[in-house]
Every structure is written in C-alpha cells, then in structure tokens.
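You will see two complexes here that share chain A, one where it goes with chain B and one where it goes with chain C.
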Partner chain A sequence: MAYSPELERILKEKGIKVGNRVRVEKNGHVYEGLLMPRIEVGDEKTLIIKLDSGYNVGIKYEKGVRIEKVGEGKEPGKIPRLKIRHNTELPDVVMIATGGTIGTHVDYLTGGVYMCRDPEEILFMAPEVTEIINLKKALRPFTLASEDMTPDEWKTLAKLVAKELNEGAYGVIITHGTDTMHYTSAALSFMLRNLNKPVVMVGAQRSPDRGSFDGAMNLICASHVVKSDIAEVVVVMHGTTNDDYCLAIRGTKVRKMHSSRRDAFRPINEMPIAKVWQDGKIEILNEHRKRKEGKVEADAKFEPKVAIVKAYPGSNPKIIDWYVDNDYKGLVIEGTGFGHVPTQPLKKEDSWIPHVKDAVERGVFIGITTQTIYGRTNPYVYRNLRLLNEAGGVHLEDMLTEVAYVKLGWVLGHTKSMKKVKGMMLTNYAGEITKTSDPRSFLY
Partner chain B sequence: MDYSKVGLKVGLEIHQRLKTHKLFCDCSSDMKGENRILVVKRKLRPVAGELGEVDRAAMFEYMKGRTFIYEVFQNESCLVELDEEPPHLVNQQALLTALEIALLLNCKVVDEIHVMRKTVIDGSNTSGFQRTMLIGLDGWINGPRGKVPIAQICLEEESAGIVDKRGKEVVYRLDRLGIPLVEITTGLLEGYTPEEIQQIAFKIGMVLRSTKKVMRGIGTIRQDINISIEGGARIEIKGLQEIGLLKDVIEKEVKRQLSLLEIKEELRRRNLSVEEISDEVLDVTDVFSETESKLIKRLVSQGNKVYCFKLPKFAGLLKKELCEGKTFGKELSDYAKAYGIGGIIHTDENLKKYHLEKEFQKLRELLNASSQDVVVTAVGKQEDVKKACDAVISRAKQALVGVPEETRVVNPDATTSFARPLPGGARMYPETDLPPIEISKKLLDELSSNLPESVDEKIERLKSMGIEETIATKLFLSEYDELFEEFVDKVHPPFLANLLVGITRSVKRETGKEVPADVVRRVIESYVNGLIVKEAVEEIMKELTLTPDENVEKVIKKLGLERISEEELVRIIKQKIVENKEVLERLGDKAEKALIGMVMREIRGRIEGEVVVKKVKELLGQR
Partner chain C sequence: MAYSPELERILKEKGIKVGNRVRVEKNGHVYEGLLMPRIEVGDEKTLIIKLDSGYNVGIKYEKGVRIEKVGEGKEPGKIPRLKIRHNTELPDVVMIATGGTIGTHVDYLTGGVYMCRDPEEILFMAPEVTEIINLKKALRPFTLASEDMTPDEWKTLAKLVAKELNEGAYGVIITHGTDTMHYTSAALSFMLRNLNKPVVMVGAQRSPDRGSFDGAMNLICASHVVKSDIAEVVVVMHGTTNDDYCLAIRGTKVRKMHSSRRDAFRPINEMPIAKVWQDGKIEILNEHRKRKEGKVEADAKFEPKVAIVKAYPGSNPKIIDWYVDNDYKGLVIEGTGFGHVPTQPLKKEDSWIPHVKDAVERGVFIGITTQTIYGRTNPYVYRNLRLLNEAGGVHLEDMLTEVAYVKLGWVLGHTKSMKKVKGMMLTNYAGEITKTSDPRSFLY
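Entry: the complex of A and B
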C-alpha cells in the first residue's frame, strides 16, 4: 500500500489492512473510517482515511498518534463486468483490448486506476454495443498504455487481426490508448494486406469513471463502423467537442492533435472517410475500400532500426551520424516548411547536407517530411530543397511524419535495396499519400 | 407548534462563493457573461457505483434522457470547465480563505487535503462530478443555546447555472462552473425552533463575511437543508438563497410531513392496500378529440398524448393542503413535471374551470372508477407521458407508507417541490488528476495569528457602543459593513448603524433600487463635513440612489437641504416670534411647542432638531 516502511510495520503489527475500518486518535481528535492505500504521490507517513461522509483525509502519523482496527470494513471493489448477451442475428465481431484510458477502471473506493482485463469489463460502460454487434470473441494479447507500445505489439496485433478476419469475424474492434493510436493504425494499415473488412481502432480521452466518459459513444460508433462496408483500418473518435458524432478517419491519415480534447483525432490532408452517429447513421465523405470476400495477409515484417529526427533552428546534424554509426537503416527527417533542413551557408560545419549525403552513401534511407503537419513537401521550390534532394533525401509527398516512420520500418523489413526502398516509400499502399490536396481538409 | 414534540432535526449546509478566480483554472469568477463564444452539446451516462451497481439517483437522471447544452463565455470558462482539460492545481487564495474560515469556526484542519470527485449527473457539471475537498472537522460556534456543532468544512467547485429547460434539453451556462465555494455543514441541530435555526444560519453567514474574502449579492450564498421529524423522513431541500426564508421553509416542511402522515392515516382508515393501486395507464387521447378545453386541444394538436389512470379511494385527498401553498395534488404533479411534462389534471380539481367535465365523466366509466376514486390525466409526448404517469402512481403508493425520502427544491414562496430521489451513498471517490495538499503547522499558525475579529467580539464591541444586537447582526450581513468601520470614529455609532441598516433599507424600499455603497459613502461624508444634518440623510440618499451620477452638493442644493447656520436659525426664530406675537402670548405654556413647530416647518432637515429646541427655549426665555 506504499506507506513508509515504519508505518507499514505498525499497520502489520496491528493486523490492519487496506479497506479495514480504523480509528485514529491524534491530539484528542478522533477520525474513524476506512484505511485507504497511499497512491503514488504525497507524504508516505500520512495515513489516508475515508470518512463515513465519503471524504478522504490525510492524518500525519507522528508521535502520540494512536491507530486501531475497529472493523473489517470493505474489500476494494471489483471491476464491474457486463454480462454479454449474444445475439447471433447480429454480425460476429472480435474485440481486442490492448489498454489505455478506454480500458481502465477507477476503483471507487480507493481511487486506484486498474487496467481492465477484458472487454466484458470495458463494455460495462457501453452496454449498447451488444445491441449493435454480436461479440464473438474478446481477446487481450497484452495490456499496455499506448506510450509503452512498440513495433512488436503492432506485429502481434496484425497477426491476430488477420487470423480473426480469416476465421470469419465480420470485423475487428481494437481498444487502444490514444497517445500512439495513430502509429498503431498506420502500422496495421501497412501490415494488413488485401484487407477486406473493417478494422476499427477506438479509445477514450476521458476516464470511464465519469458520466462524461467519451469512450462509450466512441465504442458505439465504432460498432456501427465495424458493421459497415468500410474495409479499412480506421480510427473512430469524437468528431467535435459535442457528443454528436464520431469521425472514422483513415489509419494513415490520422493524428492526435490535442493532448486532452475529445475531438483530438483529426484527419490530415484529406477528408475523414465518414461521419458516424450513435443511432447508426453513416455519412460517407471520402473514398474507401469496400468489404469483399477473400483472405487477409498479415505482412508483419518490420525493421526496428528506423528513427525520426527533427530539424529545427540551431539543431545539430551530428545526430544523423549517431544513428548511422549505430547501424540504423533509415531515418525520417521532419524538416521545416516544404521539407527544409538547415544548410548554414555562413557556418558550413553546421549544415545538415553533408551529413545527409554521408548517410545516404552509407546505405541509410533518408525520408523527408514536414513539421507543419498539414501540407505537402516539395523538393524543388527553393534551392536549398534541391540541395537536400541532390544529397539523397527523399521528400515523401504529404505523408505524416509518424506514418512515414512506421512505413519505413515496414518497407525496410522487406528490402534493404535503397532503390527499392525509395520506390516503395513513394508508392501509395494504404492511402498514406494523397494525389490531390483537398481544400476542405485543412484544420478539419 | 412545539418543535421538540414533533422531533424536528435539521442539518444545514451553507455554500458561500469566494471572491477569487475559479478553483481549478485561472478563469474569472465575475459571471459577466458578456461574450458567448461557444455552445456545446453533451450527454451524460450513468456510472458504476462502488460495488458495480449504478447509483440510484444517477440512474434516475439518465432515464430522463437529457441532452445538456453548455454556453461558454469568454474569459469565464476554458477547456477545464468544458471537461476537455484536466484541472489545474487548486487556487491558493481560495484554499487559504477556506482554511481561515475553518479556523474561525474552530475546526480541526486535516493534515493532508484530498480532492474528491462527487458524482453529479444532472448536467450541472460537465464532467459528471463535482470536485470537493474536506478542509476541517468538528468545529463550533456560539448559538442561541450555547455551542452549535459545525461538522465539517469543504472547499468545492460551484456548479453550472441552469438557463433553460426545453423538453429533454437542459441549458446551462459555464460562467458559474468552477467558482470556489466553501461548504459549511452543521452538526444535527436538535431542540431548536425554526427561528433559532435561522439565527444560527445568520451567524455562520456573519463569520463568512468577516473574512472579507467572500462574494456578496444574490446567489453568492446558498443553503441546503436536511429536515426530518419523528415518523417522517429525511428530506434534503436544495438551493435556498435567502437566509431570511429559512424559518418559513422549515415550518412549511414540518407541516408538509405532518400532513402526509395524516394522509397515510386517512388512507388506512379507508382500508386502501397498495395492491389496489393499479399500474394500468391508458392512452385516452381519443376521448379528447372534441374537447372544449383550449389547452388540451392545443397540446393534442401538437402531437401530444393524453394518458389516464385512477387512484382508488383517494377522493378529496388531492385537495388537501399539505402546507400553505401546496396541495397533495400539486405534490403529485411535481413528480410528473420531473419528466418534463406540464403536470396533471385530476377529478379533485374544478374541472368546470377547464371545460373538462364531460371527458372526465367518460374516463370514470372507462376506468370503472367510483366517486371514491380520483381520475388523473397527464398530457405530453408519448415517450414522456407514460413515465410521468408511472412516477405519479409510484408516489401515490408511497402515500401509504408516509413521507418518501427525497431531494426537493425551494420555491419563492418557501414551499418546496420534488426534484429527485435522495442520492444513494458511495458517490465520492478520489480525484486522480490532482495530488494531495499537505497543510503544515507553520501555515496554520500563521493564519491563526492573522484572523479577523470574531463575530462575537464584534457584536460585543458594537453593543458597547450602544448598538442593539439585532441591528449589529444586520449590519454585519449588510453590504455596507465596511463603511461602519470607515466612519465609526467620526459619526455617533448608533446613528451610523441605523443609517447603514435602517435608512438604506427604507431608501431601497422607496426607490426600488439597491443603494450603491458609493452613494452611502458620499452621503455620510457630507454629513461628516457638516453640509447636511441627520434629518436630511434619507432624502438625499434617495435622490442620489435614483441619480447616482449626480454631484452630491448639487443634490443637496436642489432639495434645499443645506445646513443653515445658528445665526440664521436665530434670525428665523426671532422673525417667527415677531410675526406670531399674539398667538404665542395666548398659548402661554404651550407657546414653546407651537413655536418649535412653526420653525421646523420652515427649516426641516436643515438643522438638528435639538438645536432648534435649544434656541427656541433661549429666545422665548429672553422675551
């Protein structure tokens, strides 16, 4: 329970456990209530007591404080579960829970945040889902917050999704932490070849303990999308700050654009595929692959020695050398504007150009994206862009940096031939490159 | 009424807004609402309780299927209020004020404060919970019968203000959400009269005011009242803004509970069992197809449905007055209203007035209802009206048990209306986005040595200046109490107190306007500077309240109320003596009084009455 060792010893001696009813006497004042665990922060010598009013208070344990057990109290609550009713009339959907806010549960007694173990726990907050789809199977390959995901998890997910789709699932819903959801959606977009059914990623920006939990609506809308004929990897999250509709955004054209808002996930450089309402209405706004028969292939080969490097005023190009020296096979440089790196005519030793050139000569692929997020890179408009281009940097059209990074790992998993890598990086595999720039898409 | 005999028990929760920015962000608490920058539409979902069951009150609100609309005002709400950003660290000034109040109320301050989330899903908090923290426990203040227990003091965020309810949409403004509130909960007050309980509330209000760090004006202080009587039930009454109504609210609630107990007895006498009250509700819209009632006609033409049911053996009871301003029928109607329909119409009412006699006769036949039974109808949207009828039937069944526990809201006439069932327990859990706050002994010592004068001390001080306790109390709660301290050395204190409490009130009554503190100050200044006399204060204050931008000297001149000199007075008296020589001589002993009257008529309000009396005596004596 993370009290100080001394306090833990005293509590142990008195046979006091978290949840027990205790009586604490201090300076002639008596506090009675349930002993709470010390969660993460605060003074570890301060006892936390939940009073009968429901309030928690901290009582500093010091000389003269008396604590005794006066009752058993309560066991910390169990995570509530939805008893899932199966309706075989509805399409069979497989749900994969990976972690993140949408998969957490706040224990109302202790305030402890726990990861839900399975979809029955997650769906407790969105029982409507079971009236839209038949939850054929619920899987939990791992439970990780999204910042802890690695390419290995992407591979695991891709294989699992392909297997389930090939074994008859009508579609797959993946619950995921939001921070890196757009990396995973990109990875699945590349790894799932011949995708013929919806793979819907969904998360939450507000925790499920509160009435304003956004994940319920997201899950409901995700269930409608998984039933649709949108045979793409999509992210389904709130479209606005209102609880009105969700957006289904292509997995390679989506980005978390706000640290906390519900509508943080935005389409970049194209329109969302669809707007989705809780009642099942779907308004298609963009092209997408259609649901069809066939087998999905999990092409999950991935080269982990790839990295993102950001170029900015005053940045040191030697960072490229470090990656090259450490055997990296490809880098995505997030340049400024059209995809510039500093060329430093007045201080040539700080120019990025020789370092890029050197990397390319040593067989490392250098892709260029833009830190403006929106818009397309261009190797020709300015002379300095041409210098970078001549040095071997490849401007990656309007591909998002994160998507380019994921794609590069996937491409390098298939070939180390620089010529082929370049060709593949500029080939549109999963909607990651748009041919035309839709004027409506900026700040959509 | 002998309140100890009925077993009156009351608990007060007093909520006071603090004069500082919002509790968990830097937005202003001014509530100017000048520039609406956004309107947001949200839903709230019922959440799991501690043991996985869904909170009773929370579920009730959910069933009503409401949509919440939030109006956002520039500088007065940000992403924190919109539930789109985690709370910032607690407002330090608000925390210090809450600690100060805890010390003034003799509370034990906790060593470490934990911010909690209290589930609220009526939409008044965008998040679905209110953040609140317990600051201190087990205090007391002096009351009418010795020490009054103060159970706890909390610091919490104000809820959003409701603007409108239209059908299932509820509109709130976010400018109020997040304003720091101190909540003071008294211990159980037993053996007090409603009058005394009101005094206690006033006293707590005074303590809050004494910090000078609390907001003033309408809505800045609000009370919830828990009331029960022997054989009745615990009722939570929410949102009383006027402390002066507290006594009436308590009295009416006691009467209401006693009347409900009488109804229970009467139903028993009538041998009604709960099984006899049928849940059957009929759609009888057709019966009203040719109604003469304009109201029903209009409602039906808008696509609403008329539903009807019977309450067996209830005849006459819906007419019964529970307390002044509230019949049992009106009480039942409140339950229907909770589902967003207009109310109920029933056979204990004057149906002639509504032109509905024919239809109800037909309904009696349809429902097979005798004259002992009451037939009830409700009109509304199909999806609401059935639920509304169910709620009324379920409430009628509770009449057999007595008083249902519930949360009620105060009406302007001190009656109350059903709002929702009492919330169940287990609504409070830790705010995981904020660290606990350690309160050091050093900080408390520092605060303790800088506390303002206590209310008891101040009242004693005022009493020693010759000011009555009731006036002192009112002064403490008035908006002008700071002016008292400002001028107490320059103006005779009892007059000053009367000016600030009595004269301002009568000016307010006559002009229908609040008297601005600045007007009061300017009037006192002209008095202190000898421009006017006491007697002219009210007239001038009245005129200035109506034209606050006017120069005070101009107003004095305009009203002809400049103070005159004693020489001028002597001249006037002498003139009157000469002019009325014969009359005065004839009056003999009564001449003095008559002369004073004559002089006063001419110069009323321009010199002190005592001076006139003195000079008249002198001059008459010289004659």
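Entry: the complex of A and C
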C-alpha cells in the first residue's frame, strides 16, 4: 500500500524507499528504524516504522515532522523481516504452532491477516519473548483453526511434546486457536503421563491488525510460565480486559466462557494456578505439580467413538440408541442441575432412564455431567438421580462436560472393561476432579 | 420423633403435648408459640417452637431454660398447621406451584422432605409473604420435578397465567424446580404476548430441612417483585450466598450456572433487571416493560420437533441427518467461539458443512449459538463462519442456546416458511437478543 500522495512525494524527494533505515522526529521524540509500507487499514498519512525492538510504531505525518534516511537497511525496497534473536543463556524452549488467530500476521502489502509462513514469525509480534527464553526450535506439525482440531491432532501434539521434553526442552509453548483450546489442553493433560515440565498453551482472541491484539502479551506471559516450576499443561491468557496480567489455568479446569473477550478463559471449580505479569512476576494461587527429573510418556491411546449428549426439556432419548447402534463405546450426558435426565412420570415412553439402562447393558459407558458448568454432580440427593444411578449412569463429580468427554475417549483407549472404565473415570489423573470446589472460583 | 428422654420427662411432668401453646425462657429471651415435634435430623435436646409469625425456632434445652404451658393450642396432640392469612387490602396475587424443592416441606413426624399436600402450604415457609401480597388463590396444575418438565407443561402454564392475569390477578408467582426454570422462563417469555404484569418464577436450591434453605427469602423477594412495575417474566433467586438480596433476571437472559449454590441463577449478556431486598427495596439495574392496561394473550403454539446439537472436536455431523430423517423441523447447533462447526480440511468427510447444507435444503432450520455461554455469535469474522453461513446456518446473535431452542420451537409453531422462521428468529420478541452485551454482565 502506498502512503498519501504528499507523503510519497516527500519520501521520493529524500530518496527514501521501503526497507531503508530512517529517523523520524516529532514533538521532540525521535524514532529510528526501518520504513514499512502502509497497512491497508491504516491512515495514509501515518508512517509505519519498525523499531529495533521489533515493534512497529505509527507516526502521523503533519507539520513539524521531520524524516531523514540514516541507512540503506538490509534489503532496501523490500519489506523488512526480523530474525529471531537467540540467546543460549536463556532456557531452551520449543514452540509448537498449530494455527488460530495467534498464528497470523498482518501482511504489510495487503493489510490482510494471514497465517504466518514460518512458525518463528509468531514471535515477531512479541519480540520481548526472545529476552525471556531461547527459542530452541519452532515446529508446525499442522495448521488448523481450532474448530477443525480432532483427537488425531491431540495425539500428534502429545507425542511431539513428549519427544521435545525428553530431548531436553525446558518447556513447550503451544500456540492454538482459542475455540477448542480447552479441549486440547484437557487431552494433553491426560495423554502426557509423568509430566515434569511446563506445557503452556496460548492463543489470541483478537487478530494482530487490531489495537486490542492480546497475543503479544499472552505470549510474553506464556514464556514466563514456561520457565516456571509449574509442571502442568496450562492455558495462559488475559486475566482481565486490561493488559494487566494473565492467568495460568490448569488444562482440565479451564473453559472458554466468552466468544470475543480477551479474558474469556476462566477457571471452573478451582482457582487459577497463577497470575502472571509481563515483567515476570508470578503469583501462585493454587496447588500444582512441580518440575522433576524423569521421562515424560505420551500415552495417546484414544477411542474416538465417544460423544456428548445434552439432556433438556423435550429432548429425545432415542439419540442414545443412535449412538449405541453406531457402535459408540461411551457417552457423556450433560444433565441438568446435579446431573438429572428427564424421567417423565407423565409420559413414560419419553423417559431417558430405559435408554441409559439399555446402553449400559449393551456395554456402553454412560457418564453424567452438569450443564450448569460450575458445581458438582451428585447421584444421591433426589430420587430421580438414584433412578439414573441404578440404570448405570455414573455421575462424574465436578468434571467439566468437555473434560469428561476427552477423558472418556482416553480411558476407553486403554480398556473396554466397564468396571475399569468407571474406576478410571472417577480417579483423578490430571486435576480434573476436585474434592471440594473452591467457592472463590465461581464466576471468577 | 421424640425429644431426648430427659426432655420428654419434663414435658410429661408439665403436661405439655405437641400442639400446646408454650412459653420458653432462655438467657432472658422469651419465645411463645406452639410446640412442634422434633425434626429427625435435629438435635434431640432442641425444642422446636412454631412462633406466631409462622416461623419455627429451635431452642436448645440446657440448664436455666424454663418451659411452661400457656394454652392448649387449637389441636393439642396434633402437629400444628397454619392457615394462610388473607388481607384483601393487599394486591391479589395468584400462585402457581409446579413442583421442585420449593414445593416441599419438612414432615415433622418423619423429618423427611415431601411435596406439600396443598400448594398454599408453600407459604408456611415464608409467612411474611402474606403481609406483602394477598394470596388470591394457589393452583397446582401438575407436580413435576423440573427435569421432567416438557413443552406441554410450558403451554399449560402459559394458558393458566394468561387466564389469571386477564381475570384480575395483579401478578403471578410460579414456584418451580430450579434445574430447568430458565427453559420455562424463556418459554413463558415467548408465549405470553402483550404481557402487562409481572410473572415471577421462583425456586429453592436447598431443601427446607436445611439451615441454608433459600426458598423463604426467594419467595419474599418474589412477592415484592410481583407487586412492582416489572411487567416481564423474571426469575427471582438469591443474588449472593448471603441472605442479603435477590436478583430479578429477565426470563430470556437467565441461566442456572451452578448445580448447588443459592446464587446459581445469573444474568447472561445483560445486567439483571433489579436487585430486590426482603424489606421491599427494589433497585432497578436495567430496562424493562412496564405495567399497562390490556389483555395478555397466551400464544402457546409450539413445534416439539426441535433439538439442540453440540459441535466439538471429534463430533459426528451425521447426528444432523438423524434428526432430519426423524422429521425434525429445526435444530440449534451449539458451536464453538463465534459459532463455528468443524469444517475438517484434513478429513472432508467429517465436515459439518455438507450436513448443514443438506438439512437446510430439506427444509430444516439450522440456528447457530455459542457454547461459550457469554458473548455473541458472528457469521463474518472468519472464512469458516462464512462457509457455515453460506450453507444456510443462521447465527443467532447473543441468544443463549437454551433460549434459542425454546424460541425455535415457538417460532416453528407459527410458520414453517424458512424465510419467515429466519426473520422471526432474528427478531427480538422478549429481550432475548441484545444489540450490545453489557460488559458488566460477564461473570456477574
């Protein structure tokens, strides 16, 4: 994109091309760096300068602004690209890019937002990261928007993370689309056995062409967490809509709770593990596993024939039969309240109980969660709950529906014995079950 | 249940029977009322006295406590029952009881919690209500736990409410189980056209045998709201876990967000209509319809062949075909983030897009909501959203999934023209669509 005719004339007069090193003075401030082309969405009178820090700055050209060429730049006439600085005195971290908004960049020719060509480029948005960690390598096993992730990608990631950790990475950062980041974080929490280092998932709710872009700060906070003693799969995203701090939330207790806010990721039924500031301060708020020696195991067996079924007024229980007829091995029923399904005393043929009973008799595991999101199921309080329990439905404590679904696929990847499946589903493997919900965490 | 042997001996000596009027002195305090039998779960040395206010008080018997008989009581030897006081100077309110925890009472013989025999009995738990409103009548069209409610009951309620309002009730209070109260509140919001008086839904998260019973305060606050100018279907429940105030939340913007907490009902994407205190103070926080003259119409047509389908990683899009094959007329897909479904570029046969397209071509309406609960869908931000949109999926603004489902049944009860259905689904009928979400309402 070209600047305004007036600005283009001035640049031409001074022999300044895109990519040259320039010095701009405005109101006593001096900016020095490489001249970038205009962003399509940007004001045509605003010069874009890439500073040595890696950040771009926009300077509106008006009376009194002076611009001078101070060097040719490395590739005059071409759009400047940064190289990642490596500092081998910092901890070696592997970054795995999977897609999503955080994997995009603004193209200075078109102004559009595109996937980065190279996963390293993601760090150009947050150059400070290279002063916190040493990027050992950046990998991109696949590029998928998060709505397109499947259990196959979870397995790929688990194996890759285990390999990199076992080959010496101090920790792993995974960039990921936000929509299903909490499904992936749960999957990795179960699949990475004996995890002994941080695995930090990070994304962006706003694209980098917007002033409210959150990816840079999230990456900076993620790089502090990946250096920390928090040896868990965690999601690191904005804690508030301000750029004050991020939250590090356990991978099995996190949920995207808003479609667009930057602070959409919230802890459910327990406090976040930590608050993290851009300057590196970490305030621990909850228990967590610590770094230790040993090998990480990628236990990535997964039975894909699992599904979530929601129970609600007017819902059709024959949906359970459909899954059973189609050879599904397990279902998570998202019930109401303490984990209810319709029992329909007035229209017994619409009751869910016989369908649950039939599925269980046919060897399908039926787990029960609650659609309230917060809180815990309870199989005893009311008679209808006991009916469901007697039919074979297993109330899954305070596990999130999404987490229960992921866990069920993982458990069924290991055993088809219904007794063992039940035992494993009610065993806490990765912080997915809390004994008592922290009251402070409600709507945190 | 009997009191402790010592206490039973003292009562016998003084000739005091259950049902007698007694006077108990302890630490200078004097309590006078009818002697109740012990509650099973209660301490055997704690006397239960029904005060004239209607409330029970427990007084632990210990040294220095004096108990005297001061009257026979109306039915000595029998468990005292209250009669509802009527004060025709207060506004005439109709109470409709449907079941749920708030419709239960503690049986003083067994200590168990049972359904009230008579809907009026519900008010025995909150006798103050009779000083706020005049109970014109108490109706019980059916007794169902809320997990057993169906669209048929919504229709019954809508017709009953409209009849009572048109026959002069100043407002209606509906007691309801909490699990699906927000589905019913949404259904009544759509079915009660030209609503001109308050319709207040109220429940209890804790049963009346527990110290944390919330039903009494909720009923008291509900009776203040039913006298107010808020001519909407609202849910009135605890605002916090303390007994400080209740919230009145619009019937289409409310959701049970915790399985057990007393403050489980929260507003989504907008502020509550009001805070309500037990002393009658009402603080208005949001816009609402006002009382006015005219007739309410029960527009209770409802197409039951509607369903909710959740989209998530690994989900099977053939579930859409199953519903279409079974003659369903409309589906609400609870997508991820802005309203995504899996498009599966790596395994095109698993994409949801062709199934959506096929359903739409076969005349089935496909609405899209978000499983983030908070926030709004958006059909434009990403390419995959536009794909879904082009296939015929209609993103339903910031409607809650549950509300969109109820609304879709109601809309399809009126027209099967897909163009009209889309128009109606995107028209705001009862506050279910807000133009901009109030940022203060996130995790309120």
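A few points about this structure:
The definition used in the following text is that the second predicted complex is superposed on the first by the 353 of 444 C-alpha atoms of A that agree within 3 Å, B and C clash if a C-alpha of one lies under 4 Å from a C-alpha of the other, contacts with A are read in each partner's own complex, and residues count from 1 in each chain.
One rule holds for everything that comes next: a contact is a pair of C-beta atoms (placed from the backbone, for glycine too) under 8 Å apart; a residue touches a chain by one contact, two chains touch by 3 or more.
Since the model is a prediction, treat every value here as computed from it, not as a measurement.
Touch criterion met: A:183 reaches chain C, while chain B stays clear of it. When the shared chain is aligned, chain B comes close enough to touch A:46, but chain C does not.
Using the contact criterion defined above for the overlaid structures, shared-chain residue A:241 touches chain B and also reaches chain C. After superposition on the shared chain, chain A has more residues touched by C, the comparison being chain B against chain C. By the touch criterion defined above, A:260 reaches both chain B and chain C. Once chain A of one complex is fitted onto chain A of the other, the partner contacts of A:365 are absent, as it touches neither chain B nor chain C. By the document's definition of touching, neither partner reaches A:3: not chain B, not chain C. When the two complexes are overlaid on their common chain A, residue A:444 makes contact with chain C while staying clear of chain B. Once the two complexes are overlaid on chain A, the chain A residues touched by chain B in the first and by chain C in the second are 241, 260-261. Remark: chain C residues 142, 144-151, 154, 178-180, 183-184, 241, 256-261, 263-264, 266, 304, 306-308, 310-316, 318-319, 322, 326, 334-347, 350, 370, 372-378, 382, 384, 402, 405, 409, 439, 442-444 touch chain A in the complex.
Contacts from chain B toward chain A in the complex involve residues 40-52, 58, 79, 82-86, 108, 110-114, 116-121, 126-129, 132-134, 137-138, 152, 154, 425-432, 435-436, 438.
Residues of chain A that touch chain B in their complex: 27, 29, 31, 39, 41-43, 46, 48, 51, 53-60, 77-78, 80-81, 106-111, 113, 124-125, 206-213, 216-217, 241-244, 260-262.
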